[in-house]
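There's a structure below that I have some questions on.
Chains: A, B and C, in written order; residue numbering restarts at 1 for each.
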Amino acid sequence: MQSPVKIWRNQKKIQSLIGITGKIISWTIVRVPPGGFGDQAPYPVAVIALKNGEKITAQVVDFDEKHLIFGQEVVTVVRRVTQPNTEGIIPYGIKVKPL
Amino acid sequence: MNIYVTGAATTKFGELWGVSPRTLARQAAFGALKDASVEAERVEALFVGNMLSGMLGGQEHLGAFFAEELGLSIPAFKIEGACASGGLAVHNAAFSVLSGQYETVLVLGIEKMTDHKPEDVATALMGAGSEEERSAGATFPGLYALLARVYMKEYGTTQEQLAAVAVKNHYHASLNPNAQFCNPITVEQVMKSSKIADPLKLLDCSPISDGAAAIVISKKKKGNSVQIMASAVATDTLGLAQRKSMTELKATQEAAKKAYEQAKISPRDVHLAEVHDCFTIAEILAMEDLGFYKKGSAAGAVGKKNHLVINPSGGLKGCGHPVGATGVKQIAELVEQLRGNAGARQVKGAKIGLAQNVGGSGATAVVHILCKVR
Amino acid sequence: MIGIVSYSTYIPHGRIRIADIARAWKKDPAEVQAGLGVIEKSVPAADEDAVTIALESAKSALSAVEGLSPESIEVLFVGSESHPYAVNPTSTIVGELLGIGNNYLAADLEFACKAGTAGMIAIAGLIAAGQAKYGMAVGSDTAQSKPHDVLEYTSAAAGAAYILGRERIIARLLADTSYSSDTPDFWRRDGIRYPSHAGRFTGEPAYFAHVMGAAKRLFDITKTEPSDFDYCVFHMPNGKFPRQVAVRLGFTKEQLAPSLIVDDIGNPYSASSMTGLAAVLDIAKPGEKIFMVSYGSGAGSDGFIFETTGSLKKQQTVRQQIEKKTYIDYVQYLKQTHKI
C-alpha cells in the first residue's frame, strides 16, 4: 500500500499538472505490466512535452491507435494510478488523453 | 594509474534455483582470491555491488553480511546504483587503493533474482527509475522502448537491425561456459518473440538471472595482472523524460570522455568493449556514446568484421544480467581477454579493453579502461 | 436572487449497446430495449471513478465561467452512490485537486440518485443565509449493477457540476421543494458490492409517488401549471418512467425531449437529472422556464423551477460528450467495471 503521507505530500504536484496540454515525443505499449497495473495492461506509456516547458512520463488513456504518433496533442487528466488493494488509500495521478 | 586487477572470477549466470547468495559469493570471492594468489587475510576491504537484496530479499547491510560469510572482519560496504552497482563498487574500490587507504581490496558483484515472481522483479527493478515513471506503469523494457522509438525514427534503424545485436551476443555467449544462454539465435526468432513493450520484444531484452563475479584490486602487480587505466562515473537525470536527448545517454558520453582523458587514449585504441546491453537498443546507443561510431551509424556496423569486438562475453543479453554482478563480471571478462585466457571467445591481439556499466535508463554510467601490463 | 452561475458535465466515452448485453445473457435484444426504453449506456474507463468524474465536471464548470477563481467556492458537496470510500470524503479530494484552498465547507452526500440535487438545495440555502457567496454541487457516479440483473442494462456513469451564487446568474432559482419518505425500493448494504431492488415496487409507490408528490407541491407553492414552462426534466432510471411521468403531470413531448439523455447514455444515477438539466441549459434561450424533479430511491424527490437569464450562453457541453463515444463489447465492459 502506498503511504498515505506520501500521497498527501504529492497533492500539490498533481494539482499543478491538471489540464495542461502537450505533445507526445515518444511512446511504447507496455504489455508485461509491473505489479498493480495488471488490470490496465496493455497500455501506452508516453513521454510528453507540456506547454509549461516540463516533460513528463505518463500513461495515455481514452485513445485510438491513430493517436499514438509523434506530435499528437494531449491534455493531462486525473485518473486512478494503480489498482488499490482492498484496504489502502487510492492513489490518483496524472495521465494524458488525446485532444 | 598504478592500480591492478590481480585476480578475477565469475560464477555461472542463470536460473540457479539451488544456489544461495552465500554460495555464489564464496564461489566468486574465493575464486578471485585463488586467481590472484592472495590469502584472504591480505584483503583489507570488501566492496559489494548489489541492487535488490533489500527490496526482494528483505536483507540489507550486505557489507557485513558477506564479510561474515567470507570470514573477513574488515571494512565492508554495499554500493548501489541500480544496474551500475557493480561498476560503482569497482570504481570505489579502485580509488580506495589509489588513495593509499588500502593496499588490496576485494570487489564482489552479486544478485539473486530468480527466487521471486517476474512481476515482483519487474516492479523492484523500477526502483531504478523515477516515481513518475513508476506511477505511469512504466517497466524497464518500456523505458528503453521509449528511447528506441525515437532513435529508430531519427536514424531509420529497423527492428531487424536491433535484433542483430541479440543474435551476435547469443553467438558470443555460446562460446562462454559461464553464460546463461548457450544457444545461438536468429534474427527471425527475435522478430517472432513476444512483444514486451513495443517495439521491444522478448529477445531484445536481457534475462532475469542469478550470479556473482569478484575481482581483487591491488597496488602491487603480479605476473598476470591487468592494469586499470581509468575509472570514471557520470550521472544524468533519474527520469527519462527529463533528459536533454532521447537518442543518447549523456552519462555514458561524460564518463567515457573522463575515462579516455585519464587513460590518455582515444576510442580508436580500444580493442574490445563490454557494454551494457540490457536491451538491444542500449548496445547501439553505447557504441555511439562511447565514441566508437558516429551518431546514427552503429546499427549498420553490428556483426560486421571490425577491429573492435563488442561484448565478447555475450553481454547482458547472452551471458545474463544478475544486476549487481554485471559491472564486476565485465571487468573479469576484460581481465581474461587481456591475459589471453578467453578460450574460444578470445579477441585476438587484445591489449586495451573498455567496460561500460549503466544504471537505470541512463542516470548513472561507469566506464573502466583496462590494459595488459606492459 | 440565487441561481446557477455555471455548470458542466463529464460523460466517459465508453459505450455498450444494450443489445450486446442482452445477447451475452441469451435474451432477446429487441424485447429488452422495448421493455426498458434504452439503447446504449456510458461505461467508465477502468481508471475512472466517482472522484475523477466529479473532478472533471467541477473543473469544466469552473472554466465555463470567466474570472471565478477556485478559491471563490466556499461550499462543495459531492453526491454519489459510488463514492470510492465509505469513510473519506470525495468532496475534499476534488476540492484539493481543484485548488479551492482550505476555506470551504465540504461534505459527501448519499441519497441514491438524488444526492447531487439534495446538494443543490442545501447550497442554495447556505447562500441565501449569507454563509457563502458561491457553492458547487456535484452529482457523480460510476453506477454498479450485478451481471444478469435488469439494472445492468441501465446503470451508467457521468458527472454534473453546478456552481450556485447570487451574482452572474445564468438561470435564477425561482423555487425548490423536497418530498421524502421511507420507501425501500432500491438499496445497498454497507460492504456489499451490488445494489438490490424490489422489482415492480420501484415504479408506482417509489418513482411515481415521489416525483409526482414533489411536482404537485412545486405547482402549489408557485401557483403554476405545466403550460407555464418551456422545458421539464425528470430523473431517468430508464427510457419509460420520465416519459410516463411527464404525460401524467401534463407536460408535452416537446417540453421533455431535450432532457432525455437516458436515450443516449442510460442512467448515471446521481448525475441523471443534473445532466438532463445541463442538456436543456445547453439549448435554452434567455427568459425560459425549466421544471425539474429528481428522484432518489429510499426515497425522495427534489423539485426545482429555474428561469434562464440574459447571461445564458449557448453551449455544446452535453451533446458533444454524448457524441464522443467508443463502443466496447461485453467482455471489455466487464473488465472496465472491475467484474473480471
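In this section, a residue touches a chain if its C-beta (ideal position, glycine included) is under 8 Å from a C-beta of that chain, and two chains touch if they have at least 3 such contacts.
Here's who's who by UniProt: A = ChsH2 C-terminal OB-fold domain-containing protein; B = Acetyl-CoA acetyltransferase; C = Hydroxymethylglutaryl-CoA synthase.
All values derive from a computational prediction rather than experimental measurement.
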Pieces of the assembly after leaving out chain A, positions unchanged: B | C
item	value
Of all other chains, the one whose Cα centre sits farthest from chain A	B
Averaged-CA centre spacing for the pair chain C and chain B (Acetyl-CoA acetyltransferase), given as whole angstrom	59
Between chain A and chain B (Acetyl-CoA acetyltransferase), centroid-to-centroid distance (C-alpha), Å	32
Interchain centroid distance [CA atoms averaged], chain A/chain C, Å	28
Chain A residues counted as touching two or more neighbouring chains	40, 81, 95
Contacting residues of chain A [partner chain C, same complex]	11, 14-15, 18-19, 39-40, 61-62, 64, 77-81, 89-90, 92, 95
Chain A to chain B (Acetyl-CoA acetyltransferase) touching residues, read off their complex	25-38, 40-41, 43, 45-48, 55-59, 70, 81-82, 91, 93-95
Residue numbers on chain C that touch chain A, as the complex places them	13, 45-49, 51-52, 55-56, 59, 84-85, 88, 93, 96-99, 326, 335, 338
Interfacial residue positions of chain B (Acetyl-CoA acetyltransferase) with respect to chain A in the complex	118-120, 122-123, 126, 130, 132-139, 141-142, 145-147, 149-150, 153, 194-200, 239-242, 246
